[in-house]
Amino acid sequence: MDYMSIIVIILAVLLILAAFFVIRSKDLVAAVVASAVVSLISSIYFYILQAPDVALTEAAIGVALTTIFFMITIRKTRRDEE
Amino acid sequence: MKIVPLILGILFGGAVLSYVLGKIHVYIKIIVSFIALLTSGFLFLSQYGVTDTFSMNIAGFDVIWRINPLSWLFGIMIFGFGLMVLIYSTAYMKGKERIGLFCFSLCITIASMVGIVVSADLLSFFFFWEIMTWASFLMVIYYRYEAQKAGIKYFVMSAIGAYAMLLALFMIQAEIGSLSFAVIAANWSGFSIGFQTSLILLFLLAFGLKAAMVPLHTWVPDAYSISPAPFSALFSGVLSKMGVFGIIILFYVISGGSFATQFVTYKGVALPGYLLAWVGVLTALIATIIAVVQDDAKKLLAYSSIGQLGYIVMAIGIGDSLGMTSGLFLAVNHTIFKGMLFLAIGAVFYRTGTKKMSELGGLITRMPYTFFVVLLGIITLAGVPPLSGYVGKWMLYEALIQKKLVFLAVATFAASTIAFLYCYRLIYTIFLGQRPEKFDTIKEVPLAMRIPMVLLSLLTMYLGFYPYHLLDVIAFAETTLFGIEPFILKDTVLFSQIGGVDTITVMSIVGVAFVVIFIIFNTVYKRSRLVGLKDIHTSGEVPGPEINLHFAINFYQPFSRGVQGVLKRSADRAYQSIADGLENLFDLMRYIYTGNGQTYAMYVIIFLVFLFVFGTILI
Amino acid sequence: MMFDPVLMIALPLLAAFLIPVINRFSKAIPKYIPVVVIGFNLYESIMLLPYSMVKPVIVIIAGWQPPLGINLTIGPLGNILALMISLVGFVVAIYNIKFVTEEPTEKYYMLFLLIITGATGVVLTGDLFNMFVFLEITSISAYALTAFIRDRNGAEAAFKYLLIGGIASTMILLGIAIIYTYTGTLNLADIAQKMQYVDPKIALAAMVLLIVGFGVEAELFPLNGWAPDAYSQAPTPVGAVFGGIVVKAGVYGLARMIYTIFNFEGVFYFLMIMGLITLLMAEMSAMRQSQIKRMLAFSSIGQMGLVFIAFGLATQRGVEGALFQMLNHALLKPLLFLSAGYLVYYSGSKNIEDLDGMGRRKPFLAFFFAFGAFAIMGLPPLNGFWSKMIIISETIRNGFVIVAAFVLAGSVIEAVYYLRVVGRLYFKKHDDNQQEKYVHGSAIFAMSILVILAIVIGLYPDLVMQYLKPAAEELVNKSLYIQSVFAIN
Amino acid sequence: MRKILAVFFIGVFGYYMLAILMDFPFGIDHLNPGLAGAYLKDTVSKTGAVNVVTSIIVNYRGFDTLGEVTVLFLAATGMSALLYDGKTMNRSRQNASVIVKAGSRLLFPLIIILGAYVFIHGHLTPGGGFQGGAIIASGFLLMFISYRNYHVSHRILSNVESTAGSVFVVLGLLGLLYGATFLENIMPLGIPNKLFSGGLIPLIYIAVGFKVGAELTALLDTMLKTVK
Amino acid sequence: MVYYIASLSLILIGLYGVLVKKNLIKIVLSLSLINAGIHILLIAIGYIDGRTAPIFSTPELRPEQMVDPVPQALVLTAIVIGLAITALALTIVIRLYDHHKTLDVSKIRELKW
């Protein structure tokens, strides 16, 4: 168990928790933020897995743009889950 | 150039050409159809006894066409009758709408029937069979608005029959790898009994539909009565014979006539044939009974057709030389007289605009030609001398008696007797009795309509007196195709094992007697008094305007009451309820499409898991 | 003269990219661009036929030999399907010219071009991931087109389609991941070659994922929930494109996976059973539909069921029949959709009940619809007859009499519901108080092309059968395909 | 009911997937039979790019990238078609605070330059057209958020989009023109690790960068501008 | 191994969300979760212990020291495709909300049977 794999495991736990939060949260904005966290963690994963290109893409697209899209959509519809 | 594709090409090409060119002028359409029919007809006529085989491979299927004596016989029927119908319709359809469609589907129907008879493999048989179905469907729906139900019923039932045939023919192909009649005939006896039985049943479903066997006859009255009169004639005259032709093909050509050795026999008749004969006679009985109570003249004729086809089917089922000969003879005969009757009733309809017999009456003086045609027609139908019906019936009874098929003979006799009732109804209610005032001014139909009727009447007389040419052709077909010992002919005498008849003698005596009695009735005993329509006894009832006491209403009332029980249980209604039930069942199925996208997504996952699990089990 | 086949994809893309610019200059030109570009595709795929029939045409892209780079593998099968797609695309493009008035039209033409490009790419490419990309192009433009009429139901249909399509695309991606993991390659032929060394358990997983993924576009039974909604809510020409093109791309993908990449015997039986269920369910569901386009959608699913049954036979002739049926369906379903589109337009309602008396008011349209209905029922001498014959004969020859019987029962149901509509068109009286609207010549022309082809193929089926034989061989005999791809090395 | 079904089937599915993944140990070398080895070995000498991922994306699998660009283009087209209302809407939001405004004013050029840097150096460093394009779009996003009436001409965006896309295809077609294959490199490879190397790769990536940037900006703009 | 489990969990959680959650935006979010899971899975498949990113930034690097570049290229493409699908899906969601005034998928079922 080196230093790296502990980080990886912690990240994995966070990732799964965030994913759960995406599903469970009643507040859509919180869910979207959680999904941004998922993207962020996967971006870190990509970096750890020696894929800087993908990490950069995921950071720019997954974390930033997709989240913004969701936010705009929520603004235009409704925030709470019925 | 092979002759058969040429004939078919002329026919189909002529049909299409007449449709296209007919847009220019209606006469061009008719002329083109005539030319096509005549040229191909003469080409066909010249092929008597010539076996000119044409084969090709299309989409991986072998297609074989040829003309053999049997197809020549049926082909001449088709051509001759088709020509009559075409002549008749030039006058009948004049000024009507959609003549283009009428002419087109008439020509296509004729062409496809020719295609059926020249086919020597089941695939092209099926091909032309389907073309015939849709072409005739176009005719059934000619009078659009009223015809929808009849049309759809006809089409769907035909489709079921056709698909049954399709199943059977590909079962054969899967078994022996070929669809050619010759190959099938050579291999038929190698099939297991169960396989043979299923094939026979499937084919009979298809052919029985067109040949109007009970209980597959339910489309017939509707379709016959709703289509235009010339086409009703064609329907009854030749289209129904295609079913008969198919049964002959099944029983004696593709099976190689091997039923007698394959199945149990009863009194020398193989089981399938015996059962078929019973179906035929039941058809005749039931249809005849129903025909008697009809008020619509065309429906009456339709039921009468069903009944007559029953005899033919029975004769083919018995199927030795006498049976076959009588079957084929009756078929030709039926074509002629049913054609006459339909054309004549069409003529009445043409002038009066009604098919209801209760609204007609006393037309004898207004339409004498038509009356005589109907008279000759019913005489032939009844099978009494001096016309050709007698010869066919005689051979049929001979065949039954010779085989000692007592019950069949009795039933046939009963059916023939009941047939007199509707014959009488037909002629009496239309042509005799009192004439409604509104028909006082009608005239005889135009020449073009009279010609075919008269020609057919002359033909039936000729065949009555001198059936030997036709019998020769039939005998030729039988010997070359089925290997059946031909029926014995000596000069002008027909011989069976139990007796013989000299047609000329019988016909002449009866004919002379008929003429003599006719003259006596018209001169010496002419004491009848014309009675007005209103001048009737009401037997104590007060005639109100709501009760139309025309004599033809409730014409055979006691009889109708007697057979009410039979009529109540209609096969048609049974089919209808089955169809409704099935439709409701099918309707349940679409509830699987719930409209919820998530449910669909769930299906996807369930399907995925299902595949995983079963795949893993199967590996 | 034959051009480089890659232009069949590059040119439509270029055209689609340029349409917004062109639209600035003239609003009229974009309508004709799809006609020209897809016309070029049609020409090109016809010109390719003599070459691809002899030996698959391998088009190298970016100068790299097959396993390394992406390449187009235009075998007989791909070529025929490309021909089919461009033909339908061409006809629909002509039809579009006057029919599409829904703004923003230039966007419509862009999406339309791209849906056809995507489908062409799917059938031409020789690379699994590239196939996925093109399938995504097809399906994303399909989603957008489904909702193109921005009404209530369009959005609903599009969302359902997108939901199922999205799941399908993830499944395909997962399948590709598994395949790449175990074979280390993405070229179809290379995968096919290396797949035999892969543990069957894993191959099965990949295959299942890919079947589900392509099955959604191919309208395999439980995966086809999107189809009726999308067909009925999309603009009519798009419905024709779904039936004629999108589905074909899905079926091609499915067949390619099952026949070329994997070798499981059992999957063919499975495909046949699923095909039969697809057919029966669809025909039963179509029976009492009240909307004409929805009914046509179910009929389309049913036809695909027939195709699956034929593919499930896994014999040369069975595959020929399947391809023939696909071709016929590609000709006839657009015909039905296009004529139904105008019928709906004139009657102002999507319901079958409101089509009463159209036979008299719009004889041409009603004729086209009736013609399509009769042809699809398989009446001779029209083209549907032969494919049905081949499939049924082959089914029975392989001993599946029951399957054939059910197929025929399905055909009877089909006849019933088509006749009901045709009956409505012709047999019902209707008061002619609506003002007459003109049927555009371009639409009539487009539909006439399909009618003429249907008759020609019906009268002379060997015209196409000669091309279908090598195409079927390409599927059935997979070593042929693999060798031809690597022969250029 | 739906939940139970879903959990059950997803569980079975997960079990199968896990069983498959367990067969494939994590992190071992499996390059030998595949393409990857070939790519790694030949990339620098044959394409001139040092970033193997970029060379795969733009060169070896350039066709995929063309498709990918098309997909994005499609999304932009589809969105604008679906959100089309026949009239342009203004974004109805308040302006951001002055600090944000000033900050974004300051950052905007930097972000644009960063994006340009990322896509121009795609063949040398991690990053490329998509990343660069996304970065540029986020720069615009910043401006959209801060300034209520910040206006990017749709005409310009779509012109950029169209031109860049066409340039991609035309660059591919140039290969055909020069007698090579579609998308084949027809330019000198240059010295690896220099900016002007990799033949067509930087050119294509620049086109892709412009296109993606314009498309994503257009996407954002359309979404922000629609009704409500 | 952790990566596999993490990515698989993402996929399964996403699938659960797609199948069970009634909110349209949640469904789209779940779809993007599935995608993220698959992306991690692909990259993890391409990873080889102790190797570096496939960029020859210095001439000393040898091909034998690098991870598999192909999955990275695929994931790049897949991310963009995922973005496109998400964007389009959200557009459709906005449209649906305009018309139906609800985000409940089970209430949006006018097209059925």
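Each chain carries a letter (A, B, C, D and E) given by its place in the written order, and its residues are counted from 1.
Everything below uses one rule, namely that contacts are C-beta pairs under 8 Å (C-beta built on N, C-alpha and C of every residue); 3 or more make two chains touch, one makes a residue touch a chain.
Because the structure is a prediction, the values reported are computed rather than measured.
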Labels of chains that are neighbours to chain C and to chain E: B, D
Most central chain, Cα average position: C
Of A-D and D-E, pair with higher C-beta contact tally: D-E
Euclidean distance of C-alpha centroids - chain C vs chain D, Å: 30
Whole-Å gap between the CA centroids of chain B and chain D: 73
For chain A paired with chain E, centre-to-centre distance based on mean C-alpha positions, whole Å: 11
Interchain centroid distance [CA atoms averaged], chain A/chain C, Å: 38
Multi-partner residues of chain D (each touching 2 or more other chains): 2, 5-6, 10, 13, 16-17, 24, 30-31, 34-36, 39, 51, 53, 61, 64, 67-68, 71, 74-75, 78-79, 82, 126, 130, 219, 223, 226
Of all residues in chain B, the ones touching two or more other chains: 590, 593, 595, 597-598, 601-602, 605-606, 608, 612, 616
Where chain C touches two or more other chains at once, by residue number: 129, 133, 136, 140, 143-144, 147, 150, 155, 159-160, 163, 167, 174, 180-181, 186, 201, 205, 228-229, 285
Pairs of chains, among all present, that meet the touch criterion: A-D, A-E, B-C, B-D, B-E, C-D, C-E, D-E
Chain C - residues contacting chain E, complex: 129, 133, 136, 140, 143-144, 147, 150-153, 155-160, 162-163, 166-167, 169-170, 173-174, 176-177, 180-181, 186, 228-229, 232-233, 285
Footprint of chain B on chain C - complex, ascending: 159-160, 163-164, 167-168, 171, 200-201, 204-205, 207-209, 211-212, 215-216, 222-223, 225-226, 228-229, 264, 266, 270, 281, 283-285, 287-289, 298, 317, 320, 359, 374, 377, 379-381, 385-386, 389-390, 392-393, 395-399, 401, 404-405, 408-409, 411-413, 415-416, 419-420, 423, 426-429, 461-462, 465
Contacting residues of chain E [partner chain D, same complex]: 1, 3-5, 8, 11-12, 15-16, 19-20, 41, 44-49, 53-57, 59, 63-64, 66, 68-70, 72-73, 76-77, 79-81, 83-85, 87-88, 90-92, 94-95, 98
Touch list for chain E against partner chain C, complex: 11, 15, 18, 24, 27, 31, 34-35, 38, 41-42, 45, 70-71, 74, 77-78, 81, 84-85, 88-89, 92-93, 95-96, 99-100, 105, 108-111, 113
Complex contacts: residues of chain D adjacent to chain B: 2, 5-6, 9-10, 12-13, 16
